[in-house]
């Protein structure tokens, strides 16, 4: 028998053991077997605000150590990459500490709770030359990458319209209690979901020059967190709709809604060009609809492209088409790009700069809704 | 053998022998065998601006007579109902003449080319006590009627959001020449298609208090009509997107687009309420998706309701579900309601009043786009 | 004003005022305005076994006269075309009388209740040189016609497989009483629905050389017709599945089922060839899915073709794509082909000969199920 | 900081580094972070017939050692579980060796190349009391588990019909060369894909009493493996269709096809009962369609259930609905059940016994096709 060669380690410190923390852990566990990486992630330490949770989660997820104090993690010299999955309001402080300690930073979206702090994070990263990545996982979908390739190739001709939606229903029930999501500092459907669809809009069509939106708080009160019967007012939006004018001249309407009864993952868009169109919904994340405005009369229509090995990096997961990727595998792709960037490959995307630009759009929509006028993200 | 009893006649005069003129003719031919009507439509006269066309079409469609002068038709004492399918800019003049002559008026949408003329038409109809109907045919779809019933019954709880689209691609090709559709007086995608989706929005959710939109002319020049190589500028929109605030407080985003490559009939909406949701597209016009936010956990989802005899007036066409109606049959339903209203039944809907309200919304969006601000339809 | 020219009349006698009778009447009323026909159908007489029903229906549908004795209709010299929509067991007798009287015969499907009587009908029609047509309406769908065109053109390469289904649920409830559909002479799901899918299979792929099937009676007893509480045994199948070997060598599996809970119109097929595939369901009757096994890698997929004016005879109903036809309009197309054939145009299809061949397939499946072996339709 | 607790190891030896080998490796890498298992898989050794491939793959997938001789792996006392992903014809020999050495055996499907060898494998496993599992991965889909739960609960009433399909197109191109899949000993579409749909049929509806099928070789010759221009005959089927009679009395039609142009993963079924129906396709593997034949008239329809945490074990992967699992995660679920069974939990399913029963059905279809008659799997 032959012994296998070991790759160098990329030592991971993960902050947060919730939904996204588990996703990150899973991604780091499996990415090395799927991608030919310059380094193998090593699950070094897990931090959670609750020490017992941290310990249990470290055991469950396979981290070597745990801590209840995230500063011990960001300060640990044996950690290379800090992954931040804590509530949005904590991202900035954690990122500053990690950058200062010379770590690469992999931060969950949205980057921060407002434009100012996002700008500071971006500035700190740039100043330090830090490797950064922000977890807009849907951008990793091979079908979204294909959409960008199709738009960029000119197959659609000149793009003339955009429509974007991110609607789910996890806050549709007024008895769902407050959480960090409804925190006035940085919560709301626009921030939580609108940032996703904005990141896709920018990925496909480029910068947004101006926005005009309106927001609504559908459920004015929710119970306190923790099982209390008491309620308190909701100060964030449950839903936002906004018009967008891209720098290219394209206009579009966009919606963010976390109270859309029945919608579990309607992250959808439609892009029309002078020579064709694209339509997509994450509800059927392994399919992309492409309409080429050419071909024999009577034979045209939207073609349902199913994800397959022709659509990178699908082939890293499966050599046969139609087998489908799931959400967790988008995070695996994210982890692969991160490791490559950290090891000296091409810069990760979206980095803090890009995530800051997304945040500006969100901020501009908020200002637009408050002032009932068009607002330019670049003015924030 | 027994001889059949004849019903009294409702004598029809039709202006225009194009797409909609043929639809009207077909509807009047068949409606009497499908609905138990107080009168049988009789195809008395067809007018078209081109006399030869009028004659040929009268022969083809089964009208007894034809004329190249529509005023002879509106003035004919042997005509009861005047159906107007001429270009939008002519609607007002024709309707005035017909109303003055005491006829019922069945006018294609949009009612007119601007808010002022639409108001005059509404005023004339009200003053004369005329029976009027405007051809927003999609409202006749049993699935849309079902949607209204579901919204009205409270099955969705309180409605919280709306999204509407009417996108087609019949003007997507820049070589498609000018026509009445691109006439600066009353043309454009917003007028042509936006009026449909607005009529549905109002039918389901009631009046719209304010709008904020933007319009775009995608193809700045088109060939002259009639095969010329010369082009001239397009002065109307190819596409409009607008935010709407309903009087009920609901907000929504709406799109009208006649240059959406690949879309043939994307007249679609989604309505979310606190207890459920509806989704519909005319692309699958015999289906309505209903999500009830109740029932056993793990068994919930959007239910695809297929049109059947439980959905009036489907049963007039077929006793068995799933057989499907087509677009032309929506016009048959329209004709049935018109004949009933003309014969003294309940007033037709949408009448000139309702169509005027739709026109105000369209006008408000145009003003909003020009002035880049929110505009109230009621202010027009 | 100019008076219109009248076309010669094609005088229609209709037997049966049920579901299909109404469809025929509607088709004859409207077809003349939609197709450029050599003759205009005239609704001359309606016969129903119940004289009062006949009279009421004649009034409602617009027939000039009515009778309770169909022999007066088939013998009426002022009738040109006899349309038979009576229960299956009566088709033969009526057709014989009509053919003998020199009429054209338009008979609902299935042609008859067994192979022997179907053969007699075919023989009588051939001997008399009668113009005949059988109402396999789904064949009239422009999308099915397109499918045949695609198969015939070789776009799919050599066809290698077929799968056909016709599943509905109108007999799924065991409390649905007996009717002509459950009559041991000629009833059953295989006869009622299996004949439709067989007609499509033959239309697309040609003759069937051998079948091997099994049938099931899901509900062994049903109530007597007419509201009685008494039940009696069901002697026909509720469901049949059979393998088919086409003369071309293609094999396929086919299902007929009238107890398929939830299915309202699952008349569906899938045809694969060496260079492409087709998939269709009447549930979305205005769409055809086409997969061409060519084109750029990563861009292939099933293309959803929506019915439009490129797909004859869609343009007779509407000049714009995406507006959709309904089931009743398939009967209008059928009526148009019938009138043209009667007036000396190309022979109608499917005629009695073709319907007899379908009946042989059904008979062969029945024999196959009884004897548990492969049976050749040609042997019946 | 706290050090994490280590779980005991389940030492894995994997034979085969192809598509399925990589799937197994990925599953074993990630399962421990997703399921609360009694043991953590440890990637001990990878064997492949080509030693260099084995070495490279061990490095890439994270195995500690590699070998070109699978007998060294099955004989290694430091291995607990042997995973077999070698060509079908080798399964038996490898399984015998592993069972003899006291290992648990995780074998890819189909269990073997014929009924006789599958029976021997089953017998060996039973005699040794071995823990066995066979990789019918699609059974792990939470939606399939839900389907079984729904059928078992009686929600559909008495099941009356089944239709099953497994169609792909990876062998549709005649220039695709020979491989183990076309090996006369154990290859063919029926064996490769028919075994999947049969495993689902049995999982949902129980044992199959009799089958009657026909097979076809669409492409009679294929190139030799290895890039040669020479071709040799294909001795296995490209496609099979068969009727099945379940012991319960239900009948159904089933298709296996690896030359279905355009189909990438049409593993689909439809089950109808007296009170409802289910429809599924792996093309949309995170959805199950359920029709309950109850509820308000006019509101019924197929409900599209999207996979979520109510559908075990979805919640192990994600706490939020709609995020979707992919194919690889079905293998993770498989690995979890295997580890639990190996560690003394409930026996794995499907084990060698179940896979042998599937093989008997496949064998019976082959015999049926050869002899053109109904064959009982129990007779083999």
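By letter and in written order, the chains are A, B, C and D; residue numbering begins at 1 in each of them.
In this text, a residue touches a chain if its C-beta (ideal position, glycine included) is under 8 Å from a C-beta of that chain, and two chains touch if they have at least 3 such contacts.
All figures in this text were calculated on a predicted structure; none of them were measured in a lab.
S.K.: Starting from the defined contact criterion, work out which chains touch chain A and chain D both, please.
M.R.: Output, common partners of chain A and chain D: B, C.
S.K.: Looking at C-alpha means, what's the farthest chain from chain A?
M.R.: Greatest centre separation from chain A goes to chain C.
S.K.: Roughly how many whole angstrom separate the Cα centroids of chain A and chain C?
M.R.: 54
S.K.: Starting from the mean Cα coordinates of chain A and chain B, work out the distance between those two points in Å.
M.R.: 42
S.K.: Using the touch definition from the top, which residues of chain D touch two or more other chains?
M.R.: 263, 300-302, 306, 308
S.K.: Using the touch definition from the top, list the residues of chain A that touch chain B in their complex.
M.R.: 156, 160-161, 163, 165, 167, 169, 172-174, 212-214, 216, 218, 238-239, 241-243, 245, 249, 251-255, 257, 259-263, 270, 272-277, 291, 293, 300-302, 372-374
S.K.: Using the touch definition up top, name the residues of chain D that touch chain A in the complex.
M.R.: 1-5, 19, 22-23, 25-26, 29-30, 32-34, 36, 40, 45, 51, 54-55, 58-67, 72, 168, 170, 263-265, 282-286, 306, 308, 317-329
S.K.: Which residues of chain A touch chain C once you look at their complex with the stated criterion?
M.R.: 146, 290, 297-306, 308, 310-311
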